[in-house]
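The next part holds the structures, each set out as structure tokens.
In what follows, chain A forms one complex with chain B and a second complex with chain C.
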Partner chain A sequence: MASTQARTVADTRPDSLWGRAPYPVLVADLRGVVVRCNDAAGLILPAAAPGASLTDVAPAWLCAAHTRIGSPGPHAVPADTEEALRGTIAGRRFEAHPTALGDGSVAWWLVDDTDHQLAREALLMERERTAFLAKASNVLLSSLNLGRCMDVTAQLAAESLADVALAIAPSRSSRLPVVTCLRGGTPVLADMSVDPDDVPGLGEALRGFPPVPSRWIDPAAAPAWLVPEGFGPVGSIVITPLPGHGVPAGALVLLRKAQTASFSSEEEVFARLFAARAGAAMSAARLYAEQTAITDVLMRELMPPALHQISGVDFAGGYRPSADHERIGGDFYDVHPATVEGEASLVSLGDVCGKGLEAAVLTGKIRNTLHALLPLADDHSRMLGLLNTALLNSHHARFVTLVLASARRRGNQVDLALTSAGHPSPLIIRADGTVHEADTRGTLIGALPAITAVTITESLAPGESCVLYTDGITEAKGGPMGDDLFGDERLKRALAGCVGMPAEGIVEHVQMLAAQWLGNRRHDDMAVVVISAPRTHHLSAVNGHTRGRFTA
Partner chain B sequence: MRTSASPRLPRSAPLDQLAEQLWEAVSSADEYTATELVLRMLDDGADPEAVLLDVVAKVQSRVGEEWAANRISVAQEHAATAINERAVAAVSVHPAARTAATRGRITVACVDGEWHGLPARLLAEVLKLRGWRVDYLGAQVPTPHLITHLHNTRADAVALSSSIATRLPTAHAAITACQAIGVPVLVGGAAFGPQGRYAKLLGAEAWAPDARAAADHLAQGPLPRPQADHQQFDDLPHLSDQEYTMVARNSTSLVRHVFTALEDACPAMRSYSDLQRERTAEDLKHIVDFLATALYLDDEELFTWFITWTAQILQARGVPEMSVPPALVLLARELGDFPRAARILHAATRTLVTDPTTTAAGNAV
Partner chain C sequence: MTTHPHQLRVTTLETQDSVRVEVHGDLDYDNADLLVHEVTAQLTARPGLTDLHLHCAEIGAVDSMGLCALLMISRHTAAAGVRLHLDERSAKLDRLLDLTGTLDHLTAPPPTGTVRSSMTGESTTAIRPTEPDGLT
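== the complex of A and B ==
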């Protein structure tokens, strides 16, 4: 303190260094009267001169700070320094640092920190925007669903860019999908029958080409559907195209209320950055949806069919491709109902050598060929022979093993004709719990110029079943010790407990046992079809309104 | 108008009584009687939701109890479930169950490896009755299929079902995958523990004890949107010790080692038939699976509960020779370097040797 005082005394000369210091300095006494001020202070506070009252020459925030420091109590800087000792003078922002002098007067050192403040604000805003864009990217990238991308786009835009945001997707139909989101609200989808060309700039934005800049439109020119009900007067509207990857992605419409400031040029740039991300996500989602639609159409014919009861015989099937992310593979099955009531339905179940999509494509061809050969369904050997010729003549080097089964209801019984072509023999579950292999064998199809096959007949009493399966089941490797095959014996043992079970129950049971045997290990395609003679003769028990149909 | 020849039920027949009749039909694998029964209830004006939840679901939970108590075999359980499934299918196409979709869209699925599809199916039907548009994906849905489906549809939420606790690590992966693409998840099923404690642990947006509660929950308003930056690992920081990973990855060799050591420790095992040996190995496999799950969740109670239950089942099955405590001790020896696993195994062993209902099995060596 002593040294401060000494220096103050030394600096009283008008020509001192102090007087010419580049920073404004102002000394006021206990009563709030200016004692002294330097040239720099004169520049920002022109009225400041010794003898003037501080309240007349300095802004209120500085006077208040002076009074607070001068009042009794510790002269320590107040706790709320940051706020209290900062303020504006002549349009610039200053920090005021007090130095208490010995006589109760205070010297105020004023530091212009306008630029520092501006830099800080800019940095803060930049950080906020970066965080927002990072979040937007995160959320937008995570979804491949167009609707969800539109929701997210509208919601994020309403959060940071506008009072209400509309995400609009281009549409091939007459209805325009529009997701509207109010600030703090949830996005709402509406399919609107409106013409986008009624809104200046919207039609162009939705066409995606040629590229158009964001466009301001006169709120008065906006059609009513653009403004949500109860929104109040609109201050500004900007239409930003969403850039897509070669496909139009849509447009973002931002509305601000009359009382909200309109868009600054920086905000416009920011909106464009956001639009670029939203556009990329929405066009990716659109591409994905188109690809999925194509895949679905192409796969539909290759998917295993849903089975049910046909003409008094229960059928059930289950399929698990080797790769869990796929739906199709090299195993297949079909049930073809007889064209004439009372004739046998034909079941086919087979296994194309190989797995994955290529094998699946071949299963499609085989299924089609068998379908075309249905008129010959009562002669399995002939059917198989023709299939063999067809496969030998195709460019596929693959071969196939399969089982054909003709099933026909006769009284309570189901008569079966079974033919195996190089395939594991079907298993018959008898009512007494015994399980035996149907004694049919033949050569595989598509490898040799001539084939042989033996067809056998069996009969199922009510509650009995015939199980067709592919070797993916019996060759499932795993079990508690990890390296055992599921095997024929284990399958037979499991089936022995399935007497009288509904066909789909048996399918599920076999699939579950095989899956549990496998655990997480790799496996081949697995298919099971069960043909059952219904336990009770229910068809005659039901009258014309056949409730039996519901139970099928 | 149906003109069924069978006598009509009295209109006032209480649902309990109907559930009893359905149980009779289901447990004797009589699908036609079962289906007739539920259809007649609907014809007589019963509320379809009540038929599904107070009759079919009740019978199904009894099926589960009978199986858990080892009174019916897995195959019988499957038969009963298949018949119940047919009853549900019959309800769903009955005119009384026809409802227009007035709400949003919900995807209902079972976790991969979960074969008990009926609870999820019941929920799907109840949600349809309440006016939701429902996509029911069925039992054991691989997570990639579920996610592909969600990309292709605009589901408001996913309802995920799992009944067996060992599926919880898979369920967790499915939950986080759904959340990562912005779809909130409601979970249900016995796997999620008493009061759904594991649902919270695994970060699901909601949990419901049964289909009715799930439908009520969804009716209250949309589930909260998942956080975009949520990481699967944040839910379970204890996984950093790698104990779960090691036990899950080496489960087969653990089973083998313990099995061999058990043969040395229990001479009776040497006279086992192949089937008995396989059963024993399967029991060991289940023990290791539950241990891995308990490590994943860091919950020793889960393992203790499973061990107590196993001991009781073994007793019911009449397999006193298979001794659980020695198996746990051998397992603990194999996992000597894993403190969490050791703690979990000790807690279970302690409970087993002090619990009067299991001491018979425990002391049988």
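== the complex of A and C ==
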């Protein structure tokens, strides 16, 4: 320091203020010889001294700039100033601003912009990373398919973070789903029969607990299955857990080749940010898959049964679930054949309030309860009272409206007992084409502490039918104006045209009319059950003991 | 936010010992909770309340969840000893309440140990749960 001090003092003329200026200044003449330099210039260019050649003391980029500026004219500055007058000196970056002096020499004012450059580069990198993360989020969140999420995770990671990325999902079985993607390649899924605990940190990452940070492992310790064939020597391996919503989403394994730089701490942080997004997407997909599986199980359980003739009575049913994304609806129907031949079969058709899983669960409960109460099927009121008690619940008022119908063949007629519990009354189609409502009334089930119900009896002659339906039919919104309800009257008129049709025909006709009325509009669940007395020919008693049989 | 023409709006007017809640729009799956929350808030905020009037003239479509909300409100008012009035019901709402057998229940005075009137009709059977106390 002392020597520098001594020299710069000698270089500084008493009249010049710039001698002590904080920025390095260097004056060189036309021939490229240093004329003067100040203290600060001495600090960065220790060899600079008056009389020295610029090429000996200054870096090449500065000399080139000096030559360029000197040749065409004092003020001619190259068009690409910004680029040309920037360079490194002693590991730091400088901007060089030339000032032409009167005698043809040029004063070079050097400004250290290393920090500025670093900030710019950091900003640029952050922008790239943010853009990458935004893209990752977009791509990852656009799918609720677990396989697709794993593919995307591996692909994105291989694109920006590593030479090879492996997305590994936790598995209950002994086979581990692993998606491998090489940079620029396509992701490949393989179910591997491997033990994740063979890889240090992988087992914990897949279990999700205790939370583990990303960790380095010795490439030599990596089992062969982790490294794709033909990859060559592995330089570095990082295992990053994928955090999920309370469930472990899996782990991301990043591999870099021996010749690629290993992971910096910033890259590791970045990998974690990416892992957080990938984990969120993968766990969402996993939860969705689980929910879909549950829904499918429930769906199978709740599918309405196929109906047919039972004990000489025709039954037909049709169900069209709401087109909403919640696929299980609140409508249901069942036909329970009598346990003893000659007794009545019980039909139940109902509509649970609400939709989706909650409605489905309630529907299941109602169907099971009714099934258990079958021994009481000859007393609808009692059955409904018990069902009401079973469903009453203090924290919500979810209810069901339903119709119970007991149907028994007597001679060639069908005797019906009908009870409505807050449900649209069944419609009876007579042989003469009249349609009337069965006059049964009752309280909805499951919300009130006490209920009332009126059971009525009807008889169907051969060819006559009784139609049970849910309000999804009558409240179907559509028609020519698009805003009218299908309505009771229209339904009755339609049914009047169904005289003599078989039960399946009536169900299909009603469904078709409602579908036409709706067009493509949204609708509620729609369920229809038809009970018909078959048109029969009396057969004489076959063995003299029974009361005679009828053709189907 | 766009305002749907059928979106539920709830306006509350208060007097000395009664509250009048005006309901505009559809009382359906998407909106019914809003009304229940409003009524619950009123009941909680005003312990001295004797009457709660639901002004129903402007109610649009009522679906099963809407009816569920009305039943829940009547439970809350009964528990608070407040009489629920469903004022200016449309014919359509009346038909729904009648069909589901809930009209009497919803408009009954708060239970002071009395039993609710049952529906009329010769073959009407009143069914009561074996343990009515077990449900609230």
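Just so it is clear, the second predicted complex is superposed on the first by the 282 of 552 C-alpha atoms of A that agree within 3 Å, B and C clash if a C-alpha of one lies under 4 Å from a C-alpha of the other, contacts with A are read in each partner's own complex, and residues count from 1 in each chain.
The working rule: contacts are C-beta pairs under 8 Å (C-beta built on N, C-alpha and C of every residue); 3 or more make two chains touch, one makes a residue touch a chain.
Predicted model only: the values in this text are computed from it and were never measured.
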Q) After lining up the shared chain so the two structures overlap, which partner does A:A438 touch, if you call chain B first and chain C second: first, second, both or neither? A) neither
Q) Is A:A476 in contact with chain B, with chain C, with both, or with neither (first, second, both, neither)? A) neither
Q. If you stack the two complexes on chain A, which partner ends up touching A:G500: first (chain B), second (chain C), both, or neither?
A. first
Q: Considering only touches as defined above, state whether A:A338 meets chain B (first), chain C (second), both or neither.
A: neither
Q.
One more residue to check, A:A96. First (chain B), second (chain C), both or neither?
A. neither
Q | First (chain B), second (chain C), both or neither touched by A:V106 | A | neither
Q.
Identify the residues of chain A that lie in both the chain B contact region and the chain C contact region.
A. none
**Q.** Partner chain A, residues of chain B touching it in the complex
**A.** 2-5, 29-32, 35-36, 39, 73-76, 78-79, 81-83, 85-86, 89-90, 93-94, 112-113, 115, 139-140, 142, 144-145, 148, 150-154, 180-183, 222, 228-229, 252-253, 255-256, 259, 278, 281-282, 284-285
Q | Of chain A, residues touching chain C in the complex | A | 330, 351-355, 381-382, 384-385, 388-389, 392-394, 396-399, 401, 421-424, 441-444, 447-456, 524
Q: Sort out for me which residues of chain C touch chain A in the complex.
A: 29, 63-65, 67-69, 71-72, 75, 99-102, 105, 115-116, 118-119, 121, 123-132, 135-136
Q | Of chain A, residues touching chain B in the complex | A | 135, 138-139, 142-145, 147-148, 152, 186, 288-289, 292, 324-325, 327, 479-483, 494, 497-498, 500-502, 504-506, 508-509, 512, 515, 535-536, 538, 541, 543, 545, 547, 550-551
